[in-house]
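Two complexes, one shared chain (subunit A), two partners (subunit B, subunit C).
So, the complex of A and B:
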């Protein structure tokens, strides 16, 4: 059988193990890693919180908290962390550290005894992305505050850290990260596109290792805090890259691999309506954010920043209906058409709808990257200012306090956005037809059933193109 | 069949290039732009490629700026003290003009659009999406049983 090659170039099964290099493996096995990056980020986030609190209700573009979180962190997430390194942010995220610390009773070493806290199991009915979907959508209701008002960023981050801590005391391990954290869902969803992955190497080694220490833990590392079975999981979505399994596997059978982007999109595992809706919500938010933040319409800005209660409620209503009903509704129509076109009677509409929703991941990620260009290029230069004067106390730590506002490369913004959308559209097409083949048993059905979905993807791309540069 | 298809594609691409490159007779366009937290009126300015654009910026509340992406020209206005700007719109496409003076919390989102027609950036990209899309469809429909990729 000939190999399945992405764009006829890269074999989809191609993997390059990065942990085969001794220093990388040693780093991954050290208990200092990822502890040190976490502590570093904890330090940064303490400054962010402090700046957020001190900055109060002032304009945010000269505030350390606002700039680091919404320009640097957000853009890093969309540009490199998620598309290249999967959930590398979760590797170094300081939010859940207090809860985890309380559970383990140790910051550095491995506590082999019973974990502290109540350690309750998360309710089965909620073991999905729905809470995160709602939590994230609700968070965006306040985008007109936390992206511009330091105090609002303080409250948002403070709440996340507080909830993570309380949940750490009540529920087992990383339940907060798996089922509640608002930044978790989209990282999980889009990390399926990532060009790297953590996976076990040789299934035979795992099979012969009866005591699954990666799951149960040993003196070198904890059992997977994300409640995965490291020896068998197949997609990035729910692996928080905490690296415990690298430490607890006595055979060095865990690997960190380079791979072709998007490989997980074809993995038929834990697919569901929750993940599908995550895709729709992300598309909707990208549109609404663009309209309100990079569009020229003052009316909309007044709504989003709640100049009048009525305007604000109108914004929330439209935003919610768009994300939860309109986009899924339109996608449903195209899925239905796909079934009709295919002529297949056996495949359920639900399965078709869910499977094809994964075609939205590349183009959604592309829409977010293109959007982020429009945030970082014009506003990036504020970062130089806030680095020197983080609390607006008139400091000039690095001598960059007086650097004037300098838009960078904004003359090419349109090109960058256009090219980004085009490239990710190609990925959506490439994986789209493969998903069609996966969904329909016959090739002819897959071809015909692909037409409506192809149309949907093309129209979505054209819509974003028109929004961003048309 | 294949050749015909290719000729057609080239025809579209070339005519788009031509549209993008062709210059229109220069005209002078004058706009009075009012700035008020956090938007401009008019919020979208349309001109033709080659036009001489003159802008008077009037602030209706606080100190606002006006920076044009792609042209890197700027001015600013206080209430009662207008700003002015003159440039030749020689680059086609849609560009943002943005407030360049911190004027309040939504200042980074205070933008308007300058559309220099023909917006070839958009038409080219849209044409590329459609052509590539259709091309991919052709490839898909030529696939035979057992063929991967």
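So, the complex of A and C:
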């Protein structure tokens, strides 16, 4: 055990294996899991698509598609799925099921033969987060439509499912999920903060097991569909939690662990500018979404909803420049100051910039959780209505059709948002200084180099506090 | 394994095609078996197209269920003063769907209108109900 304790409380190397409980391991090894959750979500998404299509251009507050996707799913993703369960959504996501079915020729069983489709390799130059960064940013250009117009949500989800299917026919395994899916990128980034992980139990067992069945597959499970080497997992970012490695490992050497939040932030593996920009983009989108959806500025809402073409183009330009240039630019200045303050001439500015960008993961996640409070507390009650009448046809399936719109705890919204921001700010500070020590060889350099980044994190948190509760 | 594969594929078909078929079958059955004559009405401000359809035709002597969908982000209202509707007048909030029932026990042409100040052109938001 290391002596490095998070907030002086939890050893950063602490792990508690949940799969040591036999029912959990049996569940993870069953081929029905995660197939059944995927099929359940497919059922929900069929209703979502149907409601989106039938809802057309109506206002979306009484639409099943809008409410389930942008209120329930999004909030679940930010509150529980990502910060606690890492990429658990990918585990049960129904989007790639058609492409994967076409590749494998089987839904349940393991096809040991060659996978179907063209099985082309994804271009090496694109094996990173850049496409996901751009795809997600571009998707947010239409936030003023798909969060209020059911047909826009139908088109967005339909496109994602179609692209996932076509890519499944052309490229190998889960190339879509790894390199294109707009939801995948930020889950990967923020799953580094998650309190759970999938890792091998004993590296020695993996080392001695010459036939890497977790990578190649066997009759019990497919080789990693996410094209990873599960025996050497070091961080959550690219593991889609499909659980195939639990099935294919003959030694039961894969484990699902509880761990301190944010443990991956210190893992120096595959760090790059693509992930750095992902964190800038997520921070920028959180700001713009708050301004346009929860802020008091009607003029911004009109711009995002494209009331005028000029206003809409101004929004897109401002949004893009903020996410891709302004935030990274300001962060670059603070990174440069960090280098100057540290007095170290050996560590490259690029390394410093990339390493410190991981300090933005906790406050970014905190900003999104705080934003999600602002979605679910005022609007959550609509969900009871739409569960009973999903297509606005006057159904009353569960007797909740006439539940009126009832905001809940909105008087405490500011406090909840403020506390959330502060808690995650503390995590950013806790990991930030450790990242500084990891980046600079000497302790004094690390302390001095940390000052500008500490200032940046503090100013960013103050900005969000001002936005949310100021 | 083959049995499980069959079950998995069956479940897949059920949750996709089966769900869509079940939804439309249930709605079709509900409308056929109901004692009401269903009419769909979309509420829009006059500058966005006004009521759609602006002229409703219903059969004389039947119980009518009006299914009014407000597709806009402002509240509308509905009143049909010549009939004893249930509810007698309704606020239809943004995005909401309300149901109004009445018996078409008079022949002729009758006005219906919006009862919420929805836009500058609110006073023009009216339509006609033809009972034949």
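As a convention for this text, the second predicted complex is superposed on the first by the 468 of 470 C-alpha atoms of A that agree within 3 Å, B and C clash if a C-alpha of one lies under 4 Å from a C-alpha of the other, contacts with A are read in each partner's own complex, and residues count from 1 in each chain.
Methods note: contacts are C-beta pairs under 8 Å (C-beta built on N, C-alpha and C of every residue); 3 or more make two chains touch, one makes a residue touch a chain.
Here the structure is a predicted model, which is why all the values come from computation and not from measurement.
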| item | value |
| --- | --- |
| A:443 touches, of subunit B and subunit C: first, second, both or neither? | first |
| Subunit B versus subunit C as contact partner of A:47, first or second or both or neither | second |
| Touching partner for A:31 - first (subunit B), second (subunit C), both, neither | second |
| Partner chain in contact with A:411 - subunit B first, subunit C second, else both or neither | first |
| Touched subunit A residues, subunit B compared with subunit C | B |
| First (subunit B), second (subunit C), both or neither touched by A:13 | neither |
| Which superposed partner A:109 touches (first subunit B, second subunit C, both, neither) | second |
| Touched partner set for A:422, first subunit B, second subunit C, both or neither | first |
| Touching partner for A:389 - first (subunit B), second (subunit C), both, neither | second |
| First (subunit B), second (subunit C), both or neither touched by A:39 | second |
| Those residues of subunit A which subunit B touches in one complex and subunit C touches in the other | 58-62, 148, 405 |
| Contact set on subunit C toward subunit A in their complex | 1-2, 4-5, 7-9, 11-12, 15-16, 19-20, 23, 27, 30, 65, 67, 69-73, 93-97, 99 |
| Subunit A-touching residues of subunit B, taken from the complex the two chains share | 36, 38-41, 43-44, 67, 69-72, 91, 93-96, 98, 100, 102-113, 119, 121-122, 124-126, 128-130, 132-133, 136-137, 140-141, 143-149 |
| Contact set on subunit A toward subunit B in their complex | 1-6, 8, 58-62, 144, 148-149, 292-298, 301, 305, 378-379, 405, 407, 410-411, 413-415, 418-419, 421-422, 425-426, 429-430, 433, 443, 447, 450-451, 454, 457-458, 461-462, 465-466, 469-470 |
| Touch list for subunit A against partner subunit C, complex | 31-32, 35, 39-40, 42-43, 46-47, 50, 56-63, 97, 101, 106-109, 148, 389, 391-395, 405 |
